[in-house]
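Look for subunit A in each of the two complexes below; its partner is subunit B in the first and subunit C in the second.
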Partner chain A sequence: MSLAAQLAVNGVIAGAILALVASGFSLIYNVTKMMHFAHGAVIALAAYFAHTFTSMPIAFPFALVLTLVSTCVAGELINRLVYRPLRTRKASSAVLLIASLAAMIFLNAAIITFWGADIKTIRLPYANASIEFAGIIITSVQLTIIAVALVLLLVLWWLMKQTMIGKAMRALADNKDVAQTVGINPEQLTTITFLIGSVLAAVAGILIGIEENLHPAMGTSLIVKGFAGAVVGGMLSVPGAVLGALLLGLAQNLGIWWLPSGYKDAIAFALLFVFLLFRPQGLLGKKMRDA
Partner chain B sequence: MILAVLVLILMGCAPAAPLAEGVTEEGVVTKGEVKELPPVRIGVLAPLAGDDAAYGQDVTAAVSLAVEQINAAGGINGRTLEAIFENGGCNGKDATTAATKLIDVDKVPVIVGGYCSSETLAAAPLAEAAQVALISPASSNPAISQAGDYVFRVTPSDAGQGVAIAGEMIKRGHHKAAVIVANTDYTLGLAKAFKESFEKLGGVITSWETYEKDARDFRTQVAKVRASKPDAIYLSAYPTDGALVVKQIKQLKMTLPLFGGETFGSKDVVEAAGKDNLEGIVYATPKWDGTTPKATDFLQRGGVKRGAEFSLPVFAADAYDAVYLIAEALKQKPDQEPTGTIVKDYLYTVKEWQGAGGMLTIDQNGDAVKEFQIMLVHNGEFQKAP
Partner chain C sequence: MAFINYLIHLAILVCIYGMLTVSLNLAVGFTGLINLGHIAFFGIGAYTSALLALNGYPLWAAILGAALIAALAGIILAFPTTRLKGDYLALATLGFTFIVGSIARNWTSLTRGPLGLPGIPKYAASNQTLLWIAAGTLLAFSITIYCITKTRFGKTLQAVRDDELAAAMLGKNTFVHKVAAMGISAFFAGIAGSFFAHYISFIDPSIFGLGDLVLLLSMLIVGGLASVPGSFIGTAIILLIPEPLRFIGFPSALIGPMREMLFALILLLILIYRPKGIFGRVDLQ
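For the complex of A and B:
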């Protein structure tokens, strides 16, 4: 019994990590209809910022605030310097997709240049204690990751459905021209979206960095699996992306109990494939209307 | 006599000077008084980007240092040595692209690399077909022994490492081992060598868990290992993932003795896993004395070039030695254009050659013959296991 419970907890931990990645990616996709794959690299960048600031002789919470601010600046810079010039030229989504991949590769290389390729860690000011409860073991950092992922699920749902910004975002996503006629400024809203996305990236970068250590290419593998989670959950639903990521993590960890452990990634992508075939709109997504 | 003049002229030139007018690619000296030859170019194939870029930086620093020293001492037969670095990405796909470029475009006679076994196994058939000598500083997969006549390594095959660590486990009274292994040529080769020796010695493998090298979540593999009730765990991993596996084993409050491959002898792993988590892990590594004059000199100068301590010093020293071996080989035939065959023929004759990486002998398979030693991590330091 405790073993099955431990596996379920392992799955939730893995899913929560993916949810941290998927939430920001999905938010940006929802509003701008753009696959921002560089989001993974922004998460990696946030982790490296956190590494640098927490190594400085300043209070830990202050270091986290600095990380948050720097990541927001970096995220918005990508929006301004890479995406906005392309948007004003009315670039197709394929061009934006390629630009986001280029930005990701550029950030990977920049991280190696500034921080080097050696493994880095984020040191916690307190011990990351393992907590044992009914035969299940979980660390305090892992508990935090799960809690943050659940809070994100609620906050993003509230943001999209209950606030003016969320309504404006949905209006923009639905029909850009009509949104503009009712007084929504698309560029301003895109900036706000990237800022919220960057905050999500910073939170993800800090937590994942503490849990999994840092290496320059971490963003790439994170975004591939985060993207799969977002598709399973429904690309057009931000809370769906969080839920999809949790489902993916759970399926991977429970699946390799019976299958050889080398099939872990295969399980994730088989699940993705099944969803694309039979429920392309994802768990919570609505069917896309024909354009 | 002519050679001496050439040396003198060349020493006055900047290294890698552009071809003067009238000098062809083959280095035939023609027009005018100035006589100069193009540099001898060697290829370097190592992971310069991605997860394993730290080892690429090790190799880059080691090779650059050797090239600089050789050029400062007069180069090779009056010609300067020049290294061309290409990214093998620690995988077969990138290594194939990189090796093809080095062989077909740069037309190098010899390549130092690959670093990871996947790189070397992918580049080997290309090098063999083009008669380019391939000298790996670090690839230890047993299959490389048979990968070709032009394929060498200055590090020993993992067949020996498997024997050493399996024997140590049995000696310490562990007869039931679980294996956690990354799904790569290097780590699988090592784990299979371990399994074979361990079973031959009467040991039982209780569980065999693999993972993809870029995975960061091993908790379920660890839970499966725990359920199989072994009395020791053998880890075959790269440093980045290996550190996390250890961390997650300890998070699940498992106290089983841990054994591992040579990658655990890395400061990076200590840093990433935390020295308390790594305390007492036993691993086998090619025998290397880092305190010989040659080794300390290399570590000191190389460390300056690297800008940090080497991630895996023994393999960096091997890369450094490889360049010196190439230089020595080409110096044997001062009157011939450098070819892979010259290097190949020379390497098969290397016996008890003293380098920064220790005493080197190359056998008929092109493998280095080196002993393994059993080490253990104590207080974040690496020491000989008692």
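For the complex of A and C:
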């Protein structure tokens, strides 16, 4: 019984990690209607920034702030230099998708060039204590990840439904022309979205970097699974995407009851494939445009 | 002499990737199917051919097996996905690439997983002979695909790309045409995969990587959609431009990632400034 409970807890941890990834990705998708796969690489970049800054002789919180700022700069640079020119010439969503894959490969390769291909860690200023409860082992970092994922779910729901920015974002997502006539500046709002998305990426990168160590390809595997989770939950609903990511992490970890653990990723992709074909709006999402 | 061998090596790679790009152009450029699963067909061909050859089957059987299994995979993928459009098709086919890669990593009793398959026999003893075979095959593929696009079938594919509804209204079975285009495209990709496996003589699941997929897309888009010579030129440009990096004196560990940065950058620049590519006649929809 405790094995099942431990698998379930591991599933919640994995799901929370994917939820951190899916939150920024689906926020950007909701506002700009583009699949920002390079979000995974931005998360990896944030983890490497955190590695560099925490190795410097500066206070730990200050290193985290530096990470946050540099990640925001990186995220907005991708928006400015890659996506904005494509939006200006009204490129199709498939072109933007391919551009985001290219941006992701570029960033991954840049990480190897600057930081090397070996595995790195983020140094914590305190010990990562593990807690044992009824035979289940969980570390304080893992508890933090779960807590942050839950808080994000609430904050994103509040942001999208209750704030002016969220309303403007939904208006822009709904109808760009009408949004413009009522005084919403799409480019400005897109920049704000990318900045919020980058903050989410920085939080994800720091926490995942502490939990799983850093390697250059981490961004790719994270975004693919985070994206699969977002599709399962519903791409057009930010809380839905976060919830879907949690469920996917749970499904992957409970799935290894029946399948070898190497098939964790295959479970995620198979679910992605099935949902894209038969329920593209996801579990919670609204009906999407004609697919 | 060493330099000549290096040039022959590059020329063989250009031929193999040329086959892959020109076959992808049939699906993406001529039929308008944004297929990100092509690298999976390439890998399926490579694995099929390698496994057949390593288990004692003759080379011709290995090549034919690679082509047929890849074509079958293409048809199977086309059945559920061709009703999707644009980025949805791209995502579903990308998911297919991930699934196949995941299987190659985990079906260790067949593929040896991440250890890969070493010692795949070569087609020919000397690379010079191999270059002639590869160049001949590339030429044959290019002519075949060029001819296909001039037939009634090929014209219908282009009609499906430009206006599927109109093609259907004229009584064309667009579904069958799209499935056939994917199957033919995958058939050629499987042969390219076989060439690759037998030339490098080692394959592992990294063949299904996103890096190679973006490399392939760069070749296709830089050369231009719906242009057979464009695919060849695009392949040559993307493969050859990073090569001088080797002679500038960068540490060898950096050459791989710098090469990836360079071709990702070229793809981005082309997408932003010249979306039709060099010889392209249609825009990516």
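What we mean here is this: the second predicted complex is superposed on the first by the 284 of 291 C-alpha atoms of A that agree within 3 Å, B and C clash if a C-alpha of one lies under 4 Å from a C-alpha of the other, contacts with A are read in each partner's own complex, and residues count from 1 in each chain.
Methods note: a residue touches a chain if its C-beta (ideal position, glycine included) is under 8 Å from a C-beta of that chain, and two chains touch if they have at least 3 such contacts.
All values derive from a computational prediction rather than experimental measurement.
With the C-alpha superposition on subunit A as described, subunit C and subunit B clash in the combined arrangement. Using the contact criterion defined above for the overlaid structures, shared-chain residue A:F106 touches subunit C, although it does not reach subunit B. In the superposition on chain A, contact of A:A91 is made with subunit C only, not with subunit B. In the superposition on chain A, A:A117 contacts both subunit B and subunit C. Applying the stated contact rule after C-alpha superposition, one finds that A:Q6 touches subunit B and leaves subunit C untouched. When the shared chain is aligned, no partner comes close enough to touch A:H36: not subunit B, not subunit C. When the two structures are aligned on the shared chain, A:H51 is found in touch with neither subunit B nor subunit C. In the superposition on chain A, contact of A:V82 is made with subunit C only, not with subunit B.
When the shared chain is aligned, subunit C comes close enough to touch A:P280, but subunit B does not. Once the two structures sit on top of each other via chain A, subunit B runs into subunit C at 111-119, and not at any other stretch of 75-83, 111-119, 165-173 or 219-227.
Shared contact residues of subunit A, touching subunit B in one structure and subunit C in the other: 108-109, 112, 116-117, 260, 262, 265.
Across the complex, subunit A is touched by residues 34, 80-81, 84-92, 95-96, 98-99, 102-103, 105-106, 113, 210-211, 213-214, 217-218, 221, 253-254, 256-261, 264-265, 267-268, 271-272, 275, 283-285 of subunit C.
Those residues of subunit B lying in contact with subunit A across their complex are 49-54, 56-57, 183, 209-212, 214-217, 219-221, 223-224, 227, 239-240, 243-244, 251-253, 268-269, 271-272, 307-308, 311. Those residues of subunit A whose C-beta lies close enough to touch subunit B in the complex are 3, 6-7, 10-11, 13-14, 17, 108-109, 112, 116-119, 121, 130, 132, 137, 139, 211-213, 215-218, 221, 249, 252-253, 256-257, 260-262, 264-265.
Every residue of subunit A that touches subunit C in the complex is listed here, in rising order: 35, 82, 85-86, 89, 91-99, 101-106, 108-110, 112-113, 116-117, 220, 224, 228, 231, 260, 262-263, 265-266, 269-270, 272-273, 276-277, 280, 290-291.
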